[in-house]
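Here the chain labels run A, B, C and D in written order, and each chain numbers its own residues starting at 1.
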Amino acid sequence: MSETDKNKVVIPIGPQHPSLDEPATFTITLEGEKVVNAVIGVGYNHRGLEKACESRTYIQDLYIIERVCGICSHAHSTAFCMAIEELTGVKVPMRAEYIRVIVAELERLHSHLLWLGTACHEIGYDTMFMYTWRDREKILDLMASYGGNRINYGVNTFGGVRREFDETTSSDIIKTIDELDEHLKRYMEIALTETTLVSRLKGVGMLSHEDALNFGAVGPVAKAAGIGYDIRVAEPYGAYKEIPVKLITDDRADVYGRTVVRILEMQESVKIIRYAIKNMPGGDIAVKVPRRIPAGEILTRVEAPRGENIHFVRSNGTDMPDRVRVKAPTEANWHGVQHMLKSGRLADVPITIAAIDPCYSCTDRAIVVNSGDNINVMDWKQLRQYSIDWYKKEGIDITALKL
Amino acid sequence: MEKKGPGKIARDALKNLFKDPATTSYAGKGTIKVERGYRGRLQYDPSKCINCRLCMKDCPTGAITIINEGTKEEKKMKAVLNVGHCIFCCQCVDSCNKGSLTFSQDVDFASLNKEDLTVEL
Amino acid sequence: MSREEEIVKELCDRFPFLQDRIYVQKEKRIFTKELSKEEFEQVIAFVHDEMGFYRSHHVIGTDEGDNLGFLYIVSGSDNILLILREIAPKSNPVINSICKLYPSIVLHERELVDLFGAVVEGLPEGPSYPLPDNWPKGNYPMRKEWNPKYLNKDTMTYEPPQEKEAENE
Amino acid sequence: MVLEMLLKVFIFPGFLFMSAYSFLVEYLDRKIYARMQNRVGPPWYQPMADFFKLMGKSEIIPEDANPLMFRLLPLIALASVATAFTYIPIYGLKATSSFSGDIVIVLYFLTMVPLTSFLAGWYSRNAYATIGATRVLTQMFAYEVPLFMSILAPALIADTWSITEMAAYYAAHPMHALINIPALVVGIISIQCKLERAPFDTPEAETEIVSGVLVEYGGKLLAMFKLAVHCELVLVISFYSAIFLPFFTGIAWVDFILYFVKTLLTLFILVLMRATMARLEINSTVRFCWKYLSPVAFAQLIINIIAGGVL
């Protein structure tokens, strides 16, 4: 397992490792505790979604696109819907746009809470991890009661949203985010004053302003390096044209900066949700969109919790797309990670990787489960028989045991 | 602004000792709390169905199948759902113009056999 | 004149061959029509070095029938997306890597290699991405003629129907 | 006589009592930790269930590992903890066995556990375990000095090297224990460090090096190691409360109840520390121990030398 080359130790982190939520390999070369080289291997989650989209209708694609990423599903489906709406030229009702923004910001809240939790877990700060996930659960419950599911809410449809946003939903949301706002203040306080936390995050995983520009970093990674790059501000879409969004940046350029940026962004999201619920116009929530989409190509951008999402849709006039391409934010940040890991320490590796909020599925996007007959799935009885046979080979007959 | 120091979360931690836990123990005795608008198993009303099969066309995973066992004049509609394939997006409910498909809050379909997952609605 | 039109003008002045092949699609989107390898390289070097397009977002591979298309998306501080379209014949899809100009593009270029069968010259050594190691050679799944139905996942071989029929006979 | 001795060593207050108490301590440790995090936590039988389940599993020994050492190490760890436990007064003022100088013996038995876990990591021939092993040793050098100094400080006042005699001294002069307050603080931090619990859990940092030295262990051997680790927890909190919280009534059963009160109080503080801090890096741990803990412990030592002369 270990290859010792004089003083160097090669440590494989992944494909399976407790600090990774999804498979990826980080081959870390160590000199003592110091990282001298890091090689990233991704691609374990390549599911061929883009190819799958080409052989399905647009409405079916919507649900595939939503499943590109488990966390920022709404951001992906919004970008895809925007592309289709632009191609057909329909105007989405403003009420629907507001609802999309509310859901998007709730998603940002739960994504950042998830991140804060995992980041704290990486540095062994489990109490904070439990607290943030407890709060995240409330938001997931909100999503389940409004959207219909905890993660893949399925709020978007072409030309608007699928469910009416009623009084109970808005009062539930207000109640939850008021409570959350209090907790966020406390988390900010802890993040700024807890010495063990600060000592683990400060100066770790530096990505300077120049490097961030050079490597094309997006999202909180870029914002923490002082790059004010946020699609909601740079190219406002949907209801963001009307809702004021404050750009959050920080100049610390390390993991600590990213933490602060994310907590501040959550507080900003709370404000946006309050504003959007207060100023939501009445009217329809959806307009009809034809099944056949006119030919053309379109590029849409959306600010997902992790950064910029780019969707490219090219249609050829039929009811199936010619090409769909999804660019997820994590893809842009991988290059920076390699740079951040070098010259760091082993203890900093997990938190540095976590700091970009990596989403491997997003990155790899793109095999679809065929419902063919040749898939080897064992049912309970077969599995039991298999284990009995296996133990027989080992010389143990389980069936003979009387328990 | 508080002063910097270790163990800042102790206040919250000690408070929580005297509060009810946020989690519930599920194994063996608990029940699942299902939220108001949660999308569960589909419900099918054969009397309203006109056999347009839009739901089959729009289903992203091909989980639902509508079968007419009768004749064209005297319909005897049946819907078969493969729960293992269904992603509970309820696009079929949206696609159905006649309202013959609705969703329920029933979410518990775990089974040890693959065959049990295909159910007649 | 809007910023988009200024960019188009500047590019057209510098590169006469772009004259009718560059258009503003809408606000913040400038597309070019198909450019050959040489033309593309000139343009991308120019926009990177002199026009301040420092951020590369992506490169999108497309299947254009007999050709492969590559859409490079770059932007600068004014957030206008410039989409440069390079084209290479499927029989000999050789392009040059632009990772010298934009270091973050490496991952996307590797993807072109695996999924479209493009030959990207100048790409640094490294693991392939994103297909698995046992993927059958010469299969490029994102090309239109490739159909996932014929991939045998047990043996990891690609068996298009003609061969199957031949075997049956 | 021999029978009584054997009973004392193996049943009460020896090995069996220690293991049973370690299950309770482990349960409370996890439960309080969970409740602080707003979780339900495990049921009371969870530590036992875990132990018996692991005992039922087959043991897998890595090909590169030395099988003899691999099997022997958990037992050595457990045996050294059990031996050390006999020197600690549990029931009444007198420990099962004591002689003048048993503090030093207990301290040396305490270092056996990190040593065995270092060897376990080293003999596993696994990259994670190797790194874990080096971290165990590094950490040992960090906490040994403040821990030893802070524990020897009270002994200087009592002018004895025996835990039993020391307990008797402080039972007679409870006010003298107040001098030891700095050492009490240093002591609890260094035992947290010794027990490799957060914020000093760098040697087994789950998210970095999986679980460090124990990564290749499984089944019975892991169960043994886990038991040794939890018994070590019992040993350390008993040792700590015997030295720093020397409040005795002289009535054996009252003292026995006091023993539980004292050890559980110590445990509570250890859990609180675990719950409220992030894991330190190994170099910060070393720096912290040498920069802050050691000088305080040293100052205490000087104070106690002077105080020992005066009192």
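By our rule, a contact is a pair of C-beta atoms (placed from the backbone, for glycine too) under 8 Å apart; a residue touches a chain by one contact, two chains touch by 3 or more.
Since the model is a prediction, treat every value here as computed from it, not as a measurement.
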Legend entry - Result of counting contacting C-beta pairs for B-D and A-B, higher pair: A-B
Inset, instruction - Report, in whole Å, the distance between the mean C-alpha point of chain A and the mean C-alpha point of chain B. - result: 23
Legend entry - Intercentroid distance (Cα basis), chain D paired with chain B, Å: 50
Inset, instruction - Go ahead and note the Å separation of the Cα centroids belonging to chain C and chain D. - result: 62
Inset, instruction - Please report how many Å separate the Cα centroid of chain B from that of chain C, as a whole number. - result: 40
Inset, instruction - List, in ascending order, every residue of chain A touching at least 2 other chains. - result: 127, 131, 134, 194, 196
Inset, instruction - Return the residues of chain D touching two or more other chains; collapse runs of consecutive numbers into ranges. - result: 36-39, 199, 275-277
Legend entry - Interface hub residues of chain B, defined as touching at least two other chains: 6-9, 13, 22-23
Inset, instruction - Treating touching as the only link between chains, describe the layout with one word: line, ring, star, complete or other. - result: other
Legend entry - Residues on chain B engaged by chain A in the complex (per definition of touch): 1-9, 12-13, 22-23, 35-39, 57-60, 62, 85, 87-91, 94-95, 112-114
Legend entry - Residues of chain A defined as touching chain B within the complex: 56-57, 59-64, 66-67, 127-128, 131, 134, 137, 141, 144-149, 152, 154, 157, 162-163, 168, 186, 189-190, 192-196, 198, 371, 377, 379-380
Legend entry - Residues of chain D touching chain B in the complex: 32, 34-41, 199, 272-273, 275-277
Legend entry - Partner chain D, residues of chain B touching it in the complex: 6-10, 13-14, 16-17, 19, 21-25
Legend entry - chain A to chain C touching residues, read off their complex: 39, 41-43, 46, 48, 50-52, 54, 213-216, 234-235, 297, 299, 301, 308, 310, 312, 314, 323, 325, 327, 331-332, 334-336, 364, 366-368, 370, 374-375
